[in-house]
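Which chain is which? They are A, B, C, D and E, in the order written, and residues in each are numbered from 1.
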Amino acid sequence: MGHIKQHAEMDVDGAMLVEGMPGVGLVGKIATDHLVEEFDMELYGTVHCDSLAPISVYHEGERELLPPVRIYAAPDEDLVALQSDIPVNAAAVSEFADCLVGWLTDEDITPVFLSGLPAEKSGVPELFGISTGDAGGLLEELDIDLPPENGVVSGPTGAFLNEAGEVGLDGVGLVVQSNERFPDPEAARVLIEHGIGPLTGIEVDISELVDRAEEIRKQKEKLAEKMRQAKDEESSKAQPLRMYQ
Amino acid sequence: MGHIKQHAEMDVDGAMLVEGMPGVGLVGKIATDHLVEEFDMELYGTVHCDSLAPISVYHEGERELLPPVRIYAAPDEDLVALQSDIPVNAAAVSEFADCLVGWLTDEDITPVFLSGLPAEKSGVPELFGISTGDAGGLLEELDIDLPPENGVVSGPTGAFLNEAGEVGLDGVGLVVQSNERFPDPEAARVLIEHGIGPLTGIEVDISELVDRAEEIRKQKEKLAEKMRQAKDEESSKAQPLRMYQ
Amino acid sequence: MGHIKQHAEMDVDGAMLVEGMPGVGLVGKIATDHLVEEFDMELYGTVHCDSLAPISVYHEGERELLPPVRIYAAPDEDLVALQSDIPVNAAAVSEFADCLVGWLTDEDITPVFLSGLPAEKSGVPELFGISTGDAGGLLEELDIDLPPENGVVSGPTGAFLNEAGEVGLDGVGLVVQSNERFPDPEAARVLIEHGIGPLTGIEVDISELVDRAEEIRKQKEKLAEKMRQAKDEESSKAQPLRMYQ
Amino acid sequence: MGHIKQHAEMDVDGAMLVEGMPGVGLVGKIATDHLVEEFDMELYGTVHCDSLAPISVYHEGERELLPPVRIYAAPDEDLVALQSDIPVNAAAVSEFADCLVGWLTDEDITPVFLSGLPAEKSGVPELFGISTGDAGGLLEELDIDLPPENGVVSGPTGAFLNEAGEVGLDGVGLVVQSNERFPDPEAARVLIEHGIGPLTGIEVDISELVDRAEEIRKQKEKLAEKMRQAKDEESSKAQPLRMYQ
Amino acid sequence: MGHIKQHAEMDVDGAMLVEGMPGVGLVGKIATDHLVEEFDMELYGTVHCDSLAPISVYHEGERELLPPVRIYAAPDEDLVALQSDIPVNAAAVSEFADCLVGWLTDEDITPVFLSGLPAEKSGVPELFGISTGDAGGLLEELDIDLPPENGVVSGPTGAFLNEAGEVGLDGVGLVVQSNERFPDPEAARVLIEHGIGPLTGIEVDISELVDRAEEIRKQKEKLAEKMRQAKDEESSKAQPLRMYQ
């Protein structure tokens, strides 16, 4: 069975989690990676599911090997982040969702799930918010937009939302218009400025995201390409219901 | 194991259920969606099977996320509806049938399963009725036609009927001639007017179905296309036995 | 687990069963369907295996839905028939064989398994008989021919014979030369006249088979086509060992 | 689970078994079939594994149906033979190996596993012997050659040797140069004359093998063709390690 | 379940293990094979997992058959080596990793996992070291380089490192630049001289590796070709994270 292995003692009870699984435009991953770096978040734990790829990841200038899916925390900000270096294969999605949502429930953490919605944007990407359990009120207070049409969230983020709904966990989903083909740091910026920031009450410096947008696009080009070719179950994505069907 | 999670306290004991899984012409889905809307039916529960796609659905102007297969009820009309936004994959069909029929048995609900039969129609689509358990009498009283030739019902509807027959649940199957390639609101209208209406004793206003036929055809074009390409197990369909073999 | 659900109280103890799974030339199915019709056999029970296609079958002018594999009986003739509307997929073959042979053993029924052997025929199709357990004597008494060369029976009929042999059930296999590509009512006639008739001691009127041969060929063309393309495990067939290898 | 069903009471305790699964050049099968015929060996038992093809085999002029993998015995010669009419599919290989080696251990039988090694031969095919457990001494006494280079035995014979080694059963492997594409009765003759004969101490008349070589080649052409196209796991074969990798 | 079968009584407690699964440039396999030969290491045990290919390996001039994955030991040098003649298929990787790491933990052995990193080399191949548990200190003492950029280790070696990290076993990973297409004895030499030698404190004569480089390249060409075409899970490889994604 999947489980989360805690690496450091940190109090994350009642915190909010930002989820960064790869998907359309890599919007969730870019936003989450930015937060991990910006707040110098510490490794809280690692995620272990039988069907996650059994690989080992290393980082520049560091000896320690890590598994590809990890949880970071900034306890002072009541902030937790789910970071992944790899897509999750279709077989792992449900097991992973069970395991993550179980842990969120135990730790009383409110998740903020992130997804791109492929769109030809004009001006600032539009953002809307959806919810499971009783988290709808959080979105109302902040005047985050309602869904403009019927739609579906698939991929790991869809599975997390589905599982959260089934067990009644309060959770939020933020959906932002995104470039369908390339990494979209601009959409990630909107997620942070208009969604994650207000929801968590944390002020986030997004200048790096803006200044380094081109560099991020290049660096993540290959992963974005991989996600574009991934199966529906493997890439987080929101879509109008009529397009999904 | 698959299960049905109840969301609201409603008395559905002894009601009739209308089943709207996608299939040929989307006749069952269009009829069921119409009833859900027309009677402003409330969410009674959601269906959870391990092999159903773990996605999450949202609706225009609403925060709440829902799973893709749901049960609605109009207790005053003794009416229940099974609504699905997605095809059911082949692996889920049997588990889903077990779970649904078990619940129908427990709640003493009489199901009305709906299926299209691909045909070149001339005039009003023809309708006939078949049954499991002792429900044949219901059809006799209403003078609903008998099958004009040997045939087979496959897909989710076929699996529901098969399971209902195995456990001896009283159930009805309504089969209507349908366009094989496109959404067929006209066939759905016949299902309601000549089948569901008489069976349930409910008067249903079908003017929307008639007036908005073109719109429905467009809106559901993509799903109809998907069902046409689906495997036999995934798309509800009736066929003459000689064509099925 | 597979099981047989009894629908009517009939005494079939000590009867003989004729098996009509689809295979080369549909010889077993045509012969069995003819017997069911000719003797107006009644539904005795239905066969339920997890891996049989979960579909539902209806018949002209009748309300009652039935599963695709069924057992009929004519108790006065001590005759039972296994009728199938569908091929059995490869995954179901072994489970089905276990379940059928277990039931035959419990009810003390002697099965007569039927198979075509693809051949360019000249004159009346040749027939030979093989056996499991101690049923060889039955064939000797009737002077039914011995196999003219080494061979193998595959498909559902092969699995039934294999299982019967393993548990030591007395069973008979009748193999008849058959057209490889098309439904072969003539071969089915030989099975009945020179095999099933003598074995069961029942006089069977085969005029319908002769008169309606062309009609049967047309009606079952599609199924015969399907069987020709089926995998080895799904289509009953006898072959010389050198051709099978 | 796989098991061996005993058909006749015979004392095979302490005997030697000759293994004739199909593989390169069909050398093991040809040698084993020859011994079964030459010594008029009797049916001792049949092999039943869930993943062996559920087919039924008949022989010219005989009523009795048999499963495709069988064990014959000539108790007076202390000789047992494993005869197979079919290749073993990949899924069955390990289960079959477990089951056969377990039985050999219980009955205290020393197996002689047979395999061809594809080679361009000049003159008499070369033969060498390998072993598991403590059977190496048997080969030493008889001056059977050692392997001329590093190599690997795959297919059913490889699985038998692997399993025998794991449980510590004394077993012998005889590897003979063989034609890679066609049935090779000449290599089978060498197996018998220079390997099986000396090991078992039985004098075997091989004149039939020599006289009927052409006929055997023709008769088994189709099976040899099948084995050439089989997956590595399904066709017994020895190869130099550098070729296998 | 996978297990390691001990063949000889040797004290390996507290030793270091060198891992030689095939991967990019076969660097780990070439280094490990060299050590086994150079120190005339003895067979300690054999590795048995259900999903490892059930084949049997023989060596020139020796009777004894062996399974394809084996452990050798040189107790005087406190050295253990994992030698494999075959790639490990994807299904076996996790089971194999569980089984190996469990045994390493029980025997208190520190593993040195080896992997190539595809690169256009100029001059001596670069080497860096990574670690699990508390083994980072070993690398620090020896001034082995840190990773120059973010990266991922996949294949069996990645699975071993992943599992070692999960259970907290102290383990070392050595990554060396390697030719991507051909066996790379030069990279293997660097692994030994600059990594394994210093870590184990053993002086290793590498003249054979240098003198026989061309021969080794030829001999292992086919396996290197196979590894190049293997799936990610089957071939040990390090890569920059941006290339892996």
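By our rule, a contact is a pair of C-beta atoms (placed from the backbone, for glycine too) under 8 Å apart; a residue touches a chain by one contact, two chains touch by 3 or more.
These are the chains along with the protein names UniProt gives them: A, B, C, D, E = Proteasome assembly chaperone family protein.
Predicted, not measured: the structure shown is a model, and the values here were computed from it.
Annotation of chain A and chain E: not jointly contacted by any chain, touch as defined at the top. The fewest steps needed to get from chain A to chain C, moving only between touching chains, is 2. The copies chain A and chain D differ by a rotation of 145 degrees on their C-alpha atoms, rounded to the nearest 5.
Centre-to-centre, using mean CA coordinates, chain B is 58 Å away from chain E. Computed from the mean C-alpha positions, the centre of chain C lies at a distance of 36 Å from the centre of chain D.
In chain E, there is no position where the chain touches two or more neighbouring chains simultaneously. Per the touch definition, chain E reaches chain D in the complex via residues 5, 46, 48, 50, 53-68, 85-86, 219-220, 222-223, 226. Only residues 93-94, 97, 129-132, 136, 139-140, 146-154, 158-159, 161-163, 165-166, 173, 232-233, 241-245 of chain A touch chain B when the two sit together in their complex.
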